[in-house]
Each structure stands twice: as structure tokens, then as C-alpha cells.
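Each in C-alpha cells, the structures are laid out below.
In what comes next, chain A is part of two complexes: it sits with chain B in the first one and with chain C in the second one.
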Partner chain A sequence: MSEVPAAAAAPAMPIEFVRASRWYGPVIALNDVTTTLPPGVTGLLGPNGAGKSTFLKLAAGQLAPSQGEVRILGRPAWGSPEVFHRVGLCPEPDAFWEGLNGMQFLTGLLRLTGYDDAECERRALQALETVALVDAKDRKIGGYSKGMRQRIKIAQAIAHEPEVLLLDEPVSGLDPVNRRRVIDLIKRLGREGRTVVVSSHILYEIEALTRRVLLIHNGRVLAEGDVREIRDLLDEHPHTVALRAKSPRLVARALVDQPHVLSMTFGADGEWLTVQTAKPDELYGALHEPAIAAGVTEMYSPDEDLESVFRYLVAR
Partner chain B sequence: MRDTSRPVPFLASARAVFGLSLEGMLWSRRSLVLGAFLAIPVLIAIVYRLVLVARMPAEITGLHLYGYLVALFWVRNALPLAALFYATALIADEVEGRTLTYLITRPVRRSAILAGKFAAYLVTTLCLALPAAVVTFFVLATSRGVSVAASVPDLFRDLGVLALTLLVYGALFALMGVLMKRPLLPGLLFLFVWEMAANLPGYVPRFTITAWLRSLVTHRPAGRGVSELFGQVLPADLGLAVLTALTALFLWLAIWIFSSREYVLDQ
Partner chain C sequence: MPIYEQAYRKYEAREALRTVRFWPITREALRLILSKRAFLGLLVLGWLPFVGFVIYVWALTQFGQVAEGMTSALPKGGAVFAQFFKWQMLLGLLLTTFGGAGLVANDLRTGAILVYLSRPLTRRDYVIGKLTVLLAINLFVTLAPGLLLYAVAIALAPAHFLKWDLAWLGPAVALQAVVLSLSLSLPALAISSLSRSARVAGLAFFGLLMGLDMVSGIVGAIGRWPATILFSIQACVNALGDALLGAPRDSALPWVYPALVLAAVAAGSLAVLRSRVRAVEIVR
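The block that comes next holds the complex of A and B.
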């Protein structure tokens, strides 16, 4: 199918935020954000309520900025419906017209993108194949599993082969096989030169997808750049490890002289030991032998939630 | 050829929205309930034919009863209620179901979205109402003392009035649906308080929709009693013009508000 390209203009960044703010009544959801997102995959990382969804809704033209400017493919994101020929959105809510089957859902939305019936069918099948849902194309979405629903949502976002893809928590609810499939798909789309923005509140999810991240917290962009730089910042973050052992004092004795250990606390039941360290890698290295000797049965890091990481970054 | 520098043409996008909406609207619980409600006159007509016809005075024909049903049941009550329940939900259902995102992030104008959904509403309600009206007409019109052939043109006129009722009230309630978060109560108040002004003397009925619709009804109930409500009949030509203008105005306002409004969908 031939297409008339959008009017030629000076090359613009696919997504641009210029001093963009957005508030809902007295609540500021996004505060004075200036950033540009180039082609490739960018991770939008932040804890729940950080402003990631507002960022995506502004980029997708669902909301107008209260202040500043948001442009997508060189046009204002709000009030430029024509831009959606070239933009795909996978929203976060698990919402569908439950009575439609997978094929009807995709072809219906493709018709809204201006394709004729034959092209809608071809593209719908192609997208269903990409997300491994061809076998379920005639089943009602109401009967899909959580993972299938997530995949059909991704399929509708990619079916018209957009240049810009906005994916809100796209791997949430997927089993490991499909998670891998979707991650590979997103990486491939990024390699093809499309601009893919993926939001998540899970650091390792973003790390699996890209090295370019935008850190958002409390409506502000805290940092943007290579995920390794963020990792470096986090390496200095006091890291807490809690372990349960038959003889936690044996572990404590082995760690007490380690310069990176900041503090140690015993639990009231005499089985738990909580260690705070400045260098998690060295701590894990030093723990190996004493952990065996002390009979460690459980070990976890309460720092893994992003909220605590972000609190640390904000405080720096 | 697909022009990506412009939104998808209005008619093509409205048709696509219509296609996406129609099935969900037609085969819904709402349609089942309202379909049964709108078909009540069929039941009344059958009871009349089987039981009541022999007991009625000769001057009261089936067409008189049909006139009452058209004017008092469908035009005054049932169809405005159907319009209220469907048209206020055109966008509200998409917002509540959080599916509006799929529609407003496509290269289509919002006017086409509303137009497509309004067309789906109209087809759905017409599919529910018109067959019931036709069946009722034939059940009643074939009773004693009625010339069916002479009345058929009036049937078509009545069907037109029913369609216009759905059109004008649908446009009004579509407007209320995009304007208000909870339009049902204001809608009911409008129908059953404000519209009662159609029965007042003087100029006031002109400010109601029902008075103008009444001017178009052919089979006005004869005699006294309830029929006195129809004492003031406005000019039919003017009625048609006013109702057309009101429909256009309400729809234009609904589209304007829908096009400029943000929809923050809860997650």
C-alpha cells in the first residue's frame, strides 16, 4: 500500500518535552520536564505514582500540558490526530471491548488508521503472529488470559507499524516465555530505528530492554542517560541485606572488620541479621563462606523496591 | 492511497467507529431490557385484539389505541427514555470501560468518533423500536372498522416521527453525556419535569421538545380526557424545522465539547 508521507520538515526529535508541566487540580503530576527522546528504546523508570503514565499520556496527546510544550514527531501532541498514523500506544489499563474477538479488535482499530479491509486483515494477522496469538484470533477477548490480553494490547500498538511506540508497563502479567518474546520484539523495533518508550517501575525489566533511561520521581526527571550511570549512583546507595541463619553471630563476626559494612542489627528472635553496606558486591563476596558455616536459610534485600532507591537518589 | 499527513477522512473513520460500536450496543443487556420495554405496545395490541375489541364502543377503533401508543407511550415516554439510557452512555461507557484510549489515539477526529457512536445508537434503537411499532400498527389496524390501506402512509409518517424522537432526544442526551459525569438524574428531570411544560397553555410548550414532536404525530388521540393534553398543537412544518435545528445544535455542541475535553482515565 502506498502512502503519502507527512509534509517534509526540518528533522525533529521524535518526542520533545519543553518545560512541560501537568497538574490535576492541586496535584502536580509532572513538573517542568524538559527532555528529548531520540530513536531507539528509552526506559521510563519510576515508582508507582511517579508521573510515568502522565508523561506517556502527554506524549500520546491524551492530555494537554498545563504549561510548556509537548511535541511528537514535530507536532503538538495534543490536538494533532494525524500524528497517530505514526504513533502506537499500548495503555496500561487491562481494558477491552470484551465481546470482540482478537481479529475484530485489531481490524476495527486498523480501520481507524485508514487502511482498507484487505490491508486491515493482513496487518492484523501479521501483528497476531508477532505476539503469538494467531490461534486465538477468533476467540473473544473476554475469554483471554491475562498474558494474552497483554499481548493483544501490544499487537494493536504495533499493527500499523508506527515510528513511535509508547508502551506503558508492556511486560506486566506476561509469563517468562512471552516476556522474553516481547522484550526481543521491543529491542528489534528499537534496532529498526523506531522510537520506543517503555515505562516500568522495575529496574531489571528496563535493564533487559535498553541502556537509555529516564528516571522520574514525584513528577520530576531525576536523571537521564545510560542505565549503567544510574547503577553507579545506586552502588553508593546504602544497601541492606537481611539473612536468617542458625548462628547469625558467626556471620556477624566474619563481617565486623569489613570496611564497607556500615551497620549490623540482630533480630529479636536471634535468627535474623540485618547488614547495611556501601558496597553490595563486596558484601556478597564476603558472605559466601560464613553463610555456609552459619547455616543461612534465607536471604533477601529489602532495598529492591524502587521507592527506597528513589528516596536515596532524591536525597543526594 | 493513505495520506498520513491528515486524519482519516470523516466518513471512513465514523464508519469504522460505527462498526466497532454497533455489535456491542446491539447485543447488550441494555438492548435486551429496552427492547422488551419498547415492545410492550405489541402485547397491549394483542390483548386488545383478543379480549378488548368486542367490549369497546364502536367509535373507538384500533387506530385510536394505536394513536395513544404512538403519542403517549413511544414519543412521550419510551423513546426518550431509551435515548437517555443509550445516548448519555455513548462516551461515558468508553470512559468507564477505559477503552476510550484506543479511539482517541488513532488518526481520527473526535467528531468522527462521536458521529460513529451516535449512528450506532440510532441504528440500535431504531432496530428495537420500529419493528414493534409496525407490528402494533398491523395488529390494531386490522381490527374492525379500520381501512389498513388508507392508514399505511400514516404508518410511515409515524415511523419518521419515532426516528426523529430518537434523533433529537439522542442528540440532547449525547450532549448531556459529554457535559456531565452523572447525566441520568438531570436527564430524568428534564423528561418528566421540564417536558411537562408541554401541557401548559400559552407560549411555554414551545420550549419543550415533546410539544414539537406532538405536532408531527398523525394519530392524535381523539375525545376528551388525556387527549386534552394535545389541545395545543404547534404547526407541523415549523415543528420539523425546530426539531432538525435542535438536533443539529445539540450534536454540534456535543462534538465541540468532546473534541476539546481531556479524559483522564483512572487506572
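The block that comes next holds the complex of A and C.
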């Protein structure tokens, strides 16, 4: 059987990092990252200084990789300005001329993308409508609230309808109503088949957006994929299950002989029992009968959210 | 496996880079600068020397009509234009300071450079776009009035200026206008890229050029050493202008030295811009 070259067999992913590193003098901001980001929303997660912004700037072609390769829409991100007709970037810092109004800001940037004046105006209005800023289009950006500034930044990123969107902390500083609006917008863009990369250091922001995450810490990718898949991969990671029962000691008695149970802790109120296990599936199987006998009323796994996964991976 | 909605249509806009990519940058910056009345006032002021020189040439030609041979009171060759450009140098300096100080500094301060460079254009496009703003301003007060003055001079004193042996004067006027404009615009843009404050950049540019000119003047006066003009960009431009326009030279230094200094300043400015104009500030 003849071998098909990998490049010919599979279409290029929207964003590809191949052993990409970036360092600033002696500081390594991103270290040997190899990953591909498919269409849909991907959360780029990590604490401040983890390398998220460097990751986005490499993808946005604003930095050259010190080593390795970064490709966007099949072309090298660095030195391929033509590809940025199809890419939108929402940077973290406020990036505007305060003296312009919202409409002027958007049309000015759309002109850089190559549209004529009428098309710029049409697209600017459309983008303003999407982020609910039409009423403020003639107001100077200098007078915009934090939420409005964030939304106008998003508007400039989506106004030219890019295939790839790179959003650096897009919901930071937004009030709950605007946060919901922006989250819905990002989800919709992802559902439309665009590749949306959203960076954040706040876990619940990412959780609200997507289950697909890329965890970065100290410039390295700690994990990527569905957050549940990541958890499943971590067999050795002690999985915690907390349960509330009338007689939690009954449950403890039933579990104490199980080899996968690593520890058990009783709550001070005498109602809660926290169990650590190396094999969650076996634990859930073993819990079935004792849970009924002990009158379990609540049961949850506190470490199934992103935060616990992230904490575990960072501490490892 | 995710299943995506089919509503999304592939991006329809062109993919190839346009030939003139810098123009929207220039246009936007010019629009912002020209919206300031004080700056418009300065631009008008930039044409005052032109009016003065037109009157000067007219007055000398009028005398010439009264008394035979008086048109010879007009300086020979392009000395009138060399004098004109010395005035324009000062006005160009003021205009460049007010118009150019914030061109890059403001983008660095607001982070707008991030957004610029996320568009389909290169850093070179960005620099050309900003440089064109300053060149347009400077050429408006050098090239336009310079050529107009040349035309007026020919019209008022054809016997004096409309000669085959002075045919080089028109191109020399244009060339000097370009040299002057570039010599002010490039360092102004480079200094603007070194600061995040337009005020600091403006003061630095004006202070540097005026300071060096003063040093050059003082040291030159004390030591009577002709090479001191090389300390000053203005003096170098003026010396080159004298040579280009065939005017009596203020300095005994060959024109090639000021030309080399100006070329070095331009190269240095471009090097600064190359290292400073980037979307990411690299803090070591």
C-alpha cells in the first residue's frame, strides 16, 4: 500500500503550532508547543504570565517564533500579512484612539482590510449591532464604559467576518449582562464553524464558553482536549467525591476495604463524607448499595470542574 | 465530534494584499491632525514666507522696470530659493513637532498598534503610512510653495530666471523640498516611536534639533571650524540646499559631508523604527 503524505491526506487545521518556542532574552515565554486548534471555541487557560498572550501573538503573526513553526489557515503566521484578511484579533489592552467615535474606529480599521467606504460603513454597522453598540456609534470612545470598550474591541475583531478569531481576555471587566451577551456571541461564532481561541485566567469564564481547553503554564502546554477527557487521562489523579447522607459512616464502612479508595474524611457536621479514589468508575459502582442504605441525599465531584484539573496539573 | 451549523459562508473578501496598503493609515492620521484648528493655523503660517518672497521678487522686478538693469538686484542663481527653504526649515520643524510627535507614540500608548498590525499589512506599511503623513505636511509647505515661487519668479522676472543655464533650478527646488521634508520627517517619526507620550516625543524632537543647532552655532562661532555644521540637521539641510540651488555657501565644507550626515540620520531613524514598531513590546 502506498503511503499518503500526511499533508495531502488531512486538510490544514486553522491554527497549528509545531514545536514552537518563543523566548525574550533569557525568559522562555512559550516552550516547545505542538498543538492544532480545530474550528469551534477553544479556551486558552493559564495563570497570568503562563504564555497565553504570547501564544495568541504568535498565532496572530505579531511575533516570530524563536524556534519551530506557527501556521494559521495553512500559512506561516509570521510574515504572511495576506492571511490576516481572514483573522480577527481582540487584544487584551484597550487599543483605540479615544478621540474617534465607535463608527469611525470601525470604519477606519475596515479600510485597512481593503473594503470601500460604503462596505466599511455597512460592516461597521453590522458589527455594532452584533455587540449592541449601535446607539453609541456616534459617541467618542473616550467616553465609553469598560463594558462598551470591551465590546467595541470585539466588534473590530468580527467586523470583517474572519474565519479565525483570537480573543485575549474578552469578557474581563464586563458586567453580568454584557458578559452573557459576549459569551453567547462567542458560542455562536464557534457554532458557525469559525475557529475561536479565547484566552483567560479565570476558569469559570472558559467553562461558560467551551469544554475544549488548552492549559498552559510556564510556557508549556499542560493538557489539551475536552476537560473530561483530560480528567480521564489522569488515572493517577486522586478523584474526589463528596456525599451527604444521614449515616455517612455506613458508606465509609462499605468503602474502607476497597483498594482504589485512598482516603476518607468526615465533615464536621457529621453529614458529609469526602472520598478520594484512584478509580472513580469503581467507586461509583461500589457506592450504589451503601448509598441507598445510608440515605445519601447529595453527591458530587468537586474536582470535576476546570479549576481542580488546572490545580492538579500545575501542582504535578 | 462537533457538528457545526452550515449558516457560515466562507469569507468573500479578497485575499491578496492590495498594492497601496498604507493609505488608510495616512488618511486617518491626516484627518485627525487636520481636525485641529491650531494645526491648520500653523499650516497657513507655513505659507507666509512664500508670500513674503513673492513680494520680495516682485519689488525687485518693479525696481528693475524703473531703472534699467535693476533686476540684477535679484540674487544670482537659486539663492532666493535657498533663502526661502531656510525659512521653511523652521516652519517645517514646528509643523513636524506638532503633527508628528504623536504619530507612533499615541499608537504605542493606546495599544492601537496591536490592532493595526493584526490587519493585512506589514510593519513597513505602517511606517510608510505614518511617514507619508509627515511628508505630506512638509511637502505642503516646501514643495508646493517652492515650485509656485519658482513659477512666480519666472513670470515676474523671465529675463533673470528663464534661461537655459538655469533649467536645473526647478528640479533642484523640488529635490531640496524632498530632502528637507525627509530630514525632518524620519527623525520625528523615530523619536515618536521611542516614547508613549506625544508630549515627550514632541519636546524631545524639538529640543534635540534646536539644541544640536545651537551647539553647532556656538561651537562654530568660537572655533570657526566649518565641520561644526555637521552637528545640526538644519545646518546640514541648509548647506546641501545652498549647494543644490547654487547659492553662496555659508560653510566651506564640501556638500558631500552634510549629505552623508543626513543619510546617516535617515538610516538611524529607519533602524529605530524597525526595532520599535512592533505589536509586542519586548521587556527584557
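Here, the second predicted complex is superposed on the first by the 220 of 316 C-alpha atoms of A that agree within 3 Å, B and C clash if a C-alpha of one lies under 4 Å from a C-alpha of the other, contacts with A are read in each partner's own complex, and residues count from 1 in each chain.
Simple rule for what comes next: a residue touches a chain if its C-beta (ideal position, glycine included) is under 8 Å from a C-beta of that chain, and two chains touch if they have at least 3 such contacts.
Everything quoted here is computed from the prediction, not taken from an experiment.
Peer 1: Should the superposition on chain A be reported as showing a clash between chain B and chain C, or a fit?
Peer 2: With chain A aligned, chain B runs into chain C, so clash.
Peer 1: Give one of first, second, both or neither to describe whether A:V213 is in contact with chain B, with chain C, with both, or with none.
Peer 2: neither
Peer 1: Taking the superposition as given, does A:A95 touch the first partner, chain B, the second, chain C, both, or neither?
Peer 2: In the superposed model, A:A95 contacts both chain B and chain C.
Peer 1: Check whether A:A64 is in contact with chain B, with chain C, with both or with neither, and answer first, second, both or neither.
Peer 2: A:A64 sits against chain B, while chain C stays out of touch.
Peer 1: Could you tell me if A:L133 is touching chain B, chain C, both of them or neither one (first, second, both, neither)?
Peer 2: A:L133 contacts neither chain B nor chain C.
Peer 1: Just to be sure I read the superposition right, which of the two partners does A:V198 touch: chain B = first, chain C = second, or both, or neither?
Peer 2: Neither partner.
Peer 1: Quick one: is A:Q156 in contact with chain B, with chain C, with both, or with neither? Answer first, second, both or neither.
Peer 2: Both partners.
Peer 1: Per the contact definition in the header, classify A:A50: touching chain B only (first), chain C only (second), both, or neither.
Peer 2: neither
Peer 1: Please report the chain A residues shared by its interface with chain B and its interface with chain C.
Peer 2: Residues 24, 57, 60-63, 81-87, 89, 91, 93, 95-97, 99-100, 108-109, 111-115, 156 of chain A touch both chain B and chain C.
Peer 1: If you look only at chain A, which of its residues touch chain C in the complex?
Peer 2: Contact set of chain A toward chain C: 24-25, 27, 38-40, 57, 60-63, 81-89, 91, 93-100, 108-109, 111-115, 156, 160-163, 191-194.
Peer 1: Going by the contact rule set out above, which residues of chain B touch chain A in the complex?
Peer 2: It comes out as residues 1-9, 12-13, 15-17, 19-20, 23-24, 27, 97-99, 101-110, 262-265, 267.
Peer 1: Considering the complex alone, what residue numbers of chain A touch chain B?
Peer 2: These residues of chain A touch chain B: 1-7, 24, 53, 57, 60-64, 81-87, 89, 91-93, 95-97, 99-100, 108-109, 111-115, 156.
Peer 1: If we count contacts the way the header does, which residues on chain C are in touch with chain A in the complex?
Peer 2: It is residues 2, 4-8, 10-11, 13-18, 21, 24-25, 27-28, 32, 106, 110-122, 125, 278-280, 282-284 of chain C that touch chain A.
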